[in-house]
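Have a look at the structure that comes next, please.
Going by the order they are written in, the chains are A, B, C and D; count residues from 1 in each one.
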Amino acid sequence: MSRLLEKHGIQVGRMTPGATNSITDVDGVMVGHTTLIEGENVRTGATAIVPHSGNIFHEKVKAGALTINGFGKAVGLPQINEFGMIETPILLTNTLNVGKVSDALISWVLPHYQRLDCSITSLNPIVAECNDSYLNDIQGRHVEKEHVFHALDTASADPVAEGVVGAGTGVSAFEFKSGIGSASRIVRLDGENYTVGVLSLPNFGRREELVIKGVPIGRELRDYEREPHDGEEGSIVIVIATDLPLSHRQLVRIAKRASFGIARTGGICHNGSGEFVISFTTANKVPHDPKRIFLEERRLNDAHSVINAVFQATIEAVEESILSALFSAETMVGIDGHRRGALPIPEVLSFLKASGHSYS
Amino acid sequence: MSRLLEKHGIQVGRMTPGATNSITDVDGVMVGHTTLIEGENVRTGATAIVPHSGNIFHEKVKAGALTINGFGKAVGLPQINEFGMIETPILLTNTLNVGKVSDALISWVLPHYQRLDCSITSLNPIVAECNDSYLNDIQGRHVEKEHVFHALDTASADPVAEGVVGAGTGVSAFEFKSGIGSASRIVRLDGENYTVGVLSLPNFGRREELVIKGVPIGRELRDYEREPHDGEEGSIVIVIATDLPLSHRQLVRIAKRASFGIARTGGICHNGSGEFVISFTTANKVPHDPKRIFLEERRLNDAHSVINAVFQATIEAVEESILSALFSAETMVGIDGHRRGALPIPEVLSFLKASGHSYS
Amino acid sequence: MSRLLEKHGIQVGRMTPGATNSITDVDGVMVGHTTLIEGENVRTGATAIVPHSGNIFHEKVKAGALTINGFGKAVGLPQINEFGMIETPILLTNTLNVGKVSDALISWVLPHYQRLDCSITSLNPIVAECNDSYLNDIQGRHVEKEHVFHALDTASADPVAEGVVGAGTGVSAFEFKSGIGSASRIVRLDGENYTVGVLSLPNFGRREELVIKGVPIGRELRDYEREPHDGEEGSIVIVIATDLPLSHRQLVRIAKRASFGIARTGGICHNGSGEFVISFTTANKVPHDPKRIFLEERRLNDAHSVINAVFQATIEAVEESILSALFSAETMVGIDGHRRGALPIPEVLSFLKASGHSYS
Amino acid sequence: MSRLLEKHGIQVGRMTPGATNSITDVDGVMVGHTTLIEGENVRTGATAIVPHSGNIFHEKVKAGALTINGFGKAVGLPQINEFGMIETPILLTNTLNVGKVSDALISWVLPHYQRLDCSITSLNPIVAECNDSYLNDIQGRHVEKEHVFHALDTASADPVAEGVVGAGTGVSAFEFKSGIGSASRIVRLDGENYTVGVLSLPNFGRREELVIKGVPIGRELRDYEREPHDGEEGSIVIVIATDLPLSHRQLVRIAKRASFGIARTGGICHNGSGEFVISFTTANKVPHDPKRIFLEERRLNDAHSVINAVFQATIEAVEESILSALFSAETMVGIDGHRRGALPIPEVLSFLKASGHSYS
C-alpha cells in the first residue's frame, strides 16, 4: 500500500519522497511484521525495525531517543541517550506485551549476534508500544516469542506493509482504524542524496482533531460512524531512520521535530499519550571492539542552516506516515464487539477537493 | 488591537477566549511596553510581563520553563526549573540587549521588592529575547535602564497592546512584520472558570511556511512584496500565564504544548531558532519566608484526562497569539533601508474565504 | 542483619537512623525477596519494594526518577517523570531478566489491583536491574513468574533482610561480594519526625576505589583475595522512600543527592554503570479517580534551606546502605567457578581503627 | 601558587598532574583575572577562561553544560547544549553582576571576533557566578566593562593564579576563605598524552562538611575562628577543558562526574547552591562557515571502558581544584566588617598526619 496517498493525488509537503516512500528507502533498513487476528478478541501483533542486515550488537547504530509525552512504557531509552547507540532491532507491540517482547528480543539476539569470543551478558532491548485495548484482549498478552521471532526473521528491505499489520493491527487514530504508516524524503546535500525515512504507529487523537493538509476533516466527519470513545487516549511511536551522518545530539534534534509532524495532522499530545521518538543513522556504525580507542567520523555541520532541510524532511515524513496509516487501514471488529471504521477515503477526497487550496 | 482576529471573523480553535482575549485576562497579570523607534536604525524595545501587582520576590510565583530549540540567549531558566518559581517580572528584548536588560531588571527590583528585614543578595532575573537585527541596529544595544523601568512602571492589567510595540518593535515572522501578540482561553473545571493567557513574540518562519487555519497562505503570498531573506532564522518567546493551580511538573507539561500551537501556524522550529516557553500560575504563591516549613496547596489532578482542556487552551492561545501579532503589525522600514511589509489582511481574508472550510 | 554497622561501632554520618535503620522504617513500606541459589550456576533473585499495603494502582504514590549514568535497562522511568507517580511495586532483578520480571509484575498486579468497575488496560511496571553475570548464569533468565510473585507475596514491613538475598544474590561491589543494603534517617521538621529510607543494590566499583568513612580501605585491601576482573562494570539501583510530603520536583531533587552518597564510598560512576534512582513518598497518595478534579496537598517549602536536612539524610542513608550491603554479604562461588569473597570485616575494622579519626 | 598541595606533600588521587597542574596545561587555554579590592566593601572580580587564542566566534569550541543544582544565574547554557559549542570566552563573576559582565563580553567580542564579511548579530555570551555577598557589596555590581576587558586582555597560558583573585576575590567555602582553584591530570590513550584541566570557583559548604583526603577536617576545625553563618548557601562553578576529541554527549558525560569530585571534599549540594559545569574540548574546532556542509572528526570511542580514565581524571582535578582554592586563599575582611579566615594549613597538615593513612 506504499505510496497510497500519491495514488489519491495527495502530496504531503514540498520535498521529494524516496523510491518507495517508506522507511526502507534508507539503505539497509528492514521491517518485518507479525499480525495476530484470532477469534473475536485477538487483534494485535509485533513490528520489527532492523537498522541493518549485519550484526547490530557488534556494529552498533548511532541513535537518539526523545519522550514527547511520557505516558508510555517504552524500554531501552535511557541507554540510548547515554551511549548514543542502539544494539538490537527495535520492536513495537501492545502496551501490556512489552515485557514478553523484550524478553523474546533477547532470546533472538543471543544466537544471532553472540560470537564465540564475546559472550553477551548485557543487552539493551528496544521496545515501544501502543495501547490496542479497544479492539484487542490486551490483558491476554498474546504476542509470544515465536511472533517476535517471525517479525525479525521475515524483516526485509521491501516497501513497508502498512495499515492493519504488525503492532498496528489493533490501533486507532482520530477514532478511525489506524495501523502502521511509513514515508520517506530525499535530502540533497553537497551533491549527494540522503534519505530520511519514518515508520510510525499512530494510535492517538479524537475524531474532531483530525486535519489533513490543513483541512479540518475530523470536524467534517465528526459523526461519521462514530462509536462511544473508550477512554484510553492512545499514543504514537515514531521511528526515524537516515543514512545522513549525524551525531547523537543531532539525532535528538531531528527527533524533536516529530512533534511538528504530529501537530500537522491535528494531534495535540493528550495527557494519557505515550509519545516516543527513536532516531538512528546507518552512517558511522560503532564497532563493539575495545581496541578501537578512537573513531574517525564524518558528520553534518549544524552550525548553519543546512540541517533545516533534514528537519523539514522529518516533519513531512512523520505527517505522511500518520496519514498513510489511516489511508491504509481497513475497518475492524474486535473484542466486546467493538468496531473501528476505516477512514472513508471518498468523503475525505471530496472534502479536500472542496477546500480552496489544491491538495494535489 | 485586541480581539482583532475576531473582528475579521476569524475564530482560532474551539474554545472561548477570555474577556479581552489577552494574557491580562489572567487576574493580576500586567504587561508594559517600551517602544524604541528612533532615526533610521533603532527599531527595538522591551516588554515586561508582571505576574502580579504585589511583591513578587516575597510572594514568588510557581513557574516552569522549557527550551524547544535552544539557539537563544534567555536567562534565568535553570533556576526556574530547580525551584519551580520565578521571583521577578519577565522581560523581553532583543538578542544582544539581554545583559543590559537583566542588569536593569535587578536595578528595578532592589528598591521595589527589598524590605528592611531582608536584603536581596541573590536574584534570578528572567529575560528572553528575539533577534530584530533585520530592522534594528542590534549591536547598538539601545534598550537602556530607563526603558526597562518604563516598561515595568507602566505595566497594567489593560488588554495587551499588540503588534509593533515593546520587544516586538523590530521583529518579523514568515517574512512579514510581526510584533507582540496575545490571546486567552477559558477552561471550565469543577464549576469554576479558569483562564490560560499567552503573550508571544514571534520572530520566525520563512514566507512559504505560513499557515492560517490550515490554509497555506504563505504559499499563496510567496512573492508578495518579498525582500531577500537576511539569514537570521529568528526565534519565538512564549509566556503562558494561568490562574489554575498547577504544580511545576504540570506547568512544564503545559509549556510542552506550545510547540503544537507554533506548528499550527506552519512553524518548523528552524536550526537557528531560540524557542523558549515560560509558564506560570498566579495560584499558590510561595512566600519568601523561612518560617513556613510546609505549604498547603490545591492542585489539578492530572492522573486523568481533565488536563487535556488546559492543553487545548494553551495550543489555541499560542496559535492565536502568533496570528494576532501578524495581524496587528504595520509595515516598517529600518536599518540599511530594510523594509518589512505587514501581512496584507484583505488578501489573507480572501484566501481564507476561497478555502472550502469556513474560517469564521 | 540490620544495624550491622552500628554493631561494629561504625556510625555513618551525623543524623539519627530510624528504628531499624532500614527502608521499612518508612511507615507502610514493605520489602520481599526471592533468592535463587541452585546448582553451580544460578545465583540471582528478585526483590520487591511495595510502597504501601493498599491498592497501589488505585492509590498511586508520588514518585521521581533519575538516571545518573544510563548504561542500564530499568523500565518505567519515563512515565514516572511525566506523571510524577508510580502505580505498581518496584521490582529489582538481573539485567537480562527485566522483560520476564516486568511481565510477571503485570500478572501479579491484574488480580490484586483490578476492580470490577475499572479494567486495567494500561500499566507501568517499574523494574530495575544489576548485572550479576560474574556469579550467575545470566543468559538463563532464571527468575520466573512464581519467583516474582513470591517476592511480592512475602513482602513485609519487617527490617529488610540484607546481603545475599533477592536481587542482591549474585552482585559484587568493589570486587567484594555485595547484595541488598538498606538504611534510614530521621528528619525532624516543624515538631514532627519524618523518615527517609533507602534500599540499594550496589554492584559497582573497582577494588582500589572503596572508601569507608574516608579511609581508603580498598587501597589497603588491593590484593586481598582478588580475582581477575570480569570486565562488566556493574551498576547501582537506589530506591528512596519517605513519608515527607514532597512534590515530584522535590523527589527528583532528593534523587539527585544519591550521587553524593555513592561518591562517599569511593564510587566514580563508571562508563558501563547503570545508575538509577527512584524516589517516592507515601504522603499525598493520588486516587485513580477521574472525578477528583483537584487535590488538596501539603508539601515541604523548599524556597529555603530546610530541605537540606532531607538531602543530608538521603546522602547518609545511601552511603550506609551501600556499606551495609558489603558488611552483610557472605562469600559466594558461582558460574564457571567464579568466587567473590566477602569483605574481611576484621581487617576493615582494624584499618578504620588505625586511622587517626574515630570511626565510632 | 600552582602545585601548592604538592608542596605540602598532599597528593590528590592516583593520576599524574600536567606540567603546572592547572587548566592552562590544556594547550591553548588561557586564563585572566581582574581582582577588585577597594575600600572596605568591594571584594569581587572577574575571571576569563579563553578556550584558544584564535577567533573563537569563527573557530567555535565543542562544549557541554550541566546543571547540578540550579539555584544559580549562569547564562548561555541552553545554546551550549543545543549546538554543542561555545563561541565566546567564559566569564566568571558575582551573582548580581552577570548582566553587566555578559554585556561587557559582547562589547569585547564584537571588535575582536567580527570580520568584515560577517557581521555578528547573534552571540551567546557564557557567564557564570558565585555569591560573594558575605564579603562584598554585591548590590553595587562593581565589575564594570573595563574590568571584564582587563581579564580578557591579560588572559595568558601561564599557570593559573589561584586563591583571592578574579571572581574568587570574595568567595568562601566551608566557611573558610576560598577563591579560584585549578588542577589538571594527564590521560594516556593509544600512545598519546591528553590533558584534562579544571578551573573551579568553590563557594559552598558548611564548616563541618569539609573533608580532605577522607579526613573530616571540617569536624576537627568546627569551632576554629568561626563567624556566624550568613545564610547564603553558595555555589560552585566548574570549567573543564581538555584536548581529547570528545563529542557533545561525551563532554556532558564528563561534566556529570564533577559531582563526584565535589562530594570528595564533603560537599552535599545544598538547596541554595548554583552548581554549574561547563566542559569543552579544543579538539575538532567548528568553523563558522556555511559552506562546510560536513565535518571530519576523530572522537573517543566510549562504547568501552576507556573513557573511565577521563572520568577519573575529571574527578581528581575537580577535587584538587577545590582544595587548591582553599589552600591558596588568604584571610579577608570585607563589607560590614565580615571576616573570613584562611584555612589554617599547619593544623590541617597535622590532622592529615594524625590520620592512619598517609596523605603524601
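Note that in this section a residue touches a chain if its C-beta (ideal position, glycine included) is under 8 Å from a C-beta of that chain, and two chains touch if they have at least 3 such contacts.
Here the structure is a predicted model, which is why all the values come from computation and not from measurement.
Q: Tally the contacting C-beta pairs at the A-D interface and at the A-B interface, and name the larger one.
A: Counting C-beta pairs in contact, A-B comes out ahead.
Q: If you take the mean of the Cα atoms for each chain, which one ends up farthest from chain D?
A: If we average the C-alpha coordinates per chain, A ends up farthest from chain D.
Q: Which whole number of Å gives the spacing of the CA centres of chain A and chain B?
A: Each chain reduced to its C-alpha mean, chain A and chain B end up 34 Å apart.
Q: Can you work out the whole-Å distance between the CA centroids of chain A and chain C?
A: Distance between chain centres: 35 Å.
Q: Could you tell me the distance, in whole angstrom, between the mean C-alpha positions of chain A and chain D?
A: Each chain reduced to its C-alpha mean, chain A and chain D end up 44 Å apart.
Q: Enumerate the residues of chain C that touch no fewer than two other chains.
A: 69, 82-83, 253, 272, 302, 304-306
Q: Which part of chain D faces chain B closely enough to touch in the complex?
A: Those in contact with chain B are residues 67, 69-79, 81-83, 95-96, 98-106, 110, 119-125, 131, 133, 138-139, 141, 232, 272, 274, 276.
Q: Please name which positions on chain C make contact with chain D in the complex.
A: 14, 68-69, 208, 211, 213-216, 219-220, 233, 253, 256-257, 259-260, 262-264, 267-272, 302, 304-308, 311-312, 315, 351, 353-357
Q: Spell out the residues on chain C that touch chain B in their complex, using ranges where they run on.
A: The touching residues are 60, 82-85, 189-190, 245, 247-249, 253, 286-290, 292-306.
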